């Protein structure tokens, strides 16, 4: 099972969340209370927007197939920069080779995309899904994962104009083609998407039993609840984290994103709405 | 420009040809008198059949993205084994990422395949060519190179039953689809194919100006011509090498494989025949 | 905690033990019932002697920093060869960087060496121990691990003439210098050493609480005990495995090597004797 | 032969110099008019100080053993950040293994160090030089290069208090110990050192025939000389580059740093003074 984290808020040294949290993304692989597998050493990715992101800012990207907990480049990079919006992802390979081109997040122009989950029966449906990608986008596919195909389907269906609609149509196609091939529950997973300004986080599976997803509580409330937790002072009042597993054990600090939901984080804060909820 | 070497003959320590030849495959990148580019540090591959290869022997494979001239695993491996039939390849990336899954030779069951050259305009024709691969073979494609697609097209068209026919049909499709997309000369390159018993080496380009390909002269003749060249004593009387560039400067040691030709090496020795020669 | 396996016996496809055993070395990292840490993805090594090893045969070596459970080169290599004596090792980095030069086994001429354990307080004693390595051997040190220094100390103290004496003196120096620096228990671990003919396996720690080490029971006895276990038919009557953790759950298949012992495997079979037992 | 570049001036996207210059550091390996070897694919490094560097700012570091001209992380990173002082280095391995810990620049606290050249006869003098490193610094040595030992000798001799004095004493020791071992010309190379505020660049060899080193001319003068060269508008008036080979062909744009000289770049601009000039 993969894991991911997305941050939006005041510019922050990414290491604060990626390396230093009690249950950080990099520590999680060693001891994952909620994960189905016990090892996540199959590729790491980090994508970040610069401090003054316009609507067309191209994010930075770092992909590595070294074990994240020993990656010196990752340690240096996530301490040397600050970013108001960043993604990080630890991969557990479910088949496709471990190589940088299979590491999340995937990027297209100013957009980032990452996924924790899988397209069931991908070996059977890969060809049909891949040929449903717009021919102008097809050559952009660099790796061999189900997630990258899903991203390019969402781009094909208008993600850049309307992310929720684009992802909706992509998931509907995955479900339709999967079921044609006898796959009972084709879609599984949580997705993060951003254009550098807004962050969309989807939690959805065909079986309505999706992998976990959490968002952080309001920082000011947390600071009042836990005045002695010094670490909370590192965060600004607009800081929000969406993450596959809670980063600490503080009761109330992380709230579950409901099943079949898309959470949206922008200048107005956090809100969520139903996604493909039947 | 990539480079490759294929050996067939008495079991031999592969390092003898890959590392120790005067113009070895690993030294060539540093000083390539015939090559168009001056650097070939973008991936190395080595495939070898065991000493008693039956028709269905699965070859060993070693792919590396480290510079071959410093790869300790390659040095150890090619000295620790002997093989009666092996391929090696140095890649110069022409676009697709440098990753193990893009390294030659490619393998399917007991077959090996490698390529020095390119499918012109691959970005434009990739989708259509990939779509022409048999759906049962499609999921086997692991990387993103033109060469791997070409191999799977040849498999689709019966390479395993009739290698010359399979490659012919694959090249014809590449040329047909390329020309539909306005590519004047779609196919370029030399190919090596083997099932562990016979070695086929193709030299062909749409423009009939194909990259070089050489085969070694008869070993006994060479030993008589050069009685003082001790190195020649390392080779058995059935030893044959096919290679993109001569491995030494001995006049008469390497003979050019003609344009639009397939060379065939089997128990009866070396012979060649026209390939797509108009 | 690292893990290792050493095989001696009839020539065998190494994958039989490294990949295919129930609790194989490559599977172990994912689920290690006896290990102190839960992840071992920090480097893999494999060293093998050829099928007709003379006293001076140089072994093959393969070192990789990719996760072993997904390493295609390892899969191919350990199926494509046979070997009568091989070592394999999975590393859990305890500090020194993850790089090929820090992967076990280490090699010197026809000798291989590997270690599961550590020199306590290595950061404090590294300089003094390294200084004690024979100046002619000093330039051979390629990596930065405690284990490689220990190997070169044993070489300095005559390992190639008398392995037990060489290791004894090396461990005694480690203990003397460690204690000078206030380290209570300087030496911890199991070691494997071979010249290609004989295999020595040491289990020793200053505290006499050494990590586990097991050797396989007599194959013919096992085949009689478990006539229905087909897998046992893969092994010849001289096959012996020494390993940090049992490879299967068959009662009686793996026997513990006692504390403060060196086990010796040669043409006469398995025996052991006290090592630094006070 | 390695190559390096150091920039000091207004905050700049490092890709401007590392990737986009006519003879960029990344392009140079493919076609090096002044270099002795033709390939430099043996490791890349990039170190950068943040935009508001105080005297104690820890720089960011990125080390890679992938070919720099295809490294996607490098491309993303050097476009996603800006830095007022950065180093980059392409390595040609002269012996020590290709691994991240052997990549320049080397870092100690807020200091960066890189080297193009070699300590002649390093195999013979390595032990003696390494044991001359201060015992408290000895454990910091992570790799196996001559350059990293030279850096730690300079640190031992006070580099952090007085860089010119520290490097002087380190070079003098290299020369003294080299000559004791019969090495005629022990020191060769150009060095770059910085604390994040000032940049020191040394050009020195025992034979007084040192590899080339250049510094850029005054930007305002260049802009007046070449009003039509749009690229020059990218640079601020305090921009200075020190580099092993000129980055463009504009006459007057790059001036040679004299033999046996240390160049110093700080808020007052560029100046230089003799270094070990006899």
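Before moving on, here are some points about what is shown:
Order of writing sets the chain letters: A, B, C and D. Residues in each chain are counted from 1.
Note that in this section contacts are C-beta pairs under 8 Å (C-beta built on N, C-alpha and C of every residue); 3 or more make two chains touch, one makes a residue touch a chain.
Worth saying up front: this structure is predicted, and the values here are computed from it rather than measured.
The greater number of contacting C-beta pairs, out of the two interfaces B-C and A-C, is seen for B-C.
Our note on geometry: chain A versus chain C, Cα centroid distance of 41 Å, whole angstroms.
Looking at chain D, residues 72, 97, 100 sit in touch with two or more other chains. Taken together, the touching pairs cover every possible pairing of the chains.
Those residues of chain C lying in contact with chain A across their complex are 29-31, 37-39, 41-42, 65-67, 70, 72, 93, 97-98. Residues of chain A touching chain B in their complex: 97, 99-101, 123, 126-127, 131, 135, 138-139, 141-144.
By the touch rule above, chain A contacts chain D in their complex via residues 48, 50, 58-64, 72-73, 76-77, 79-81, 100.
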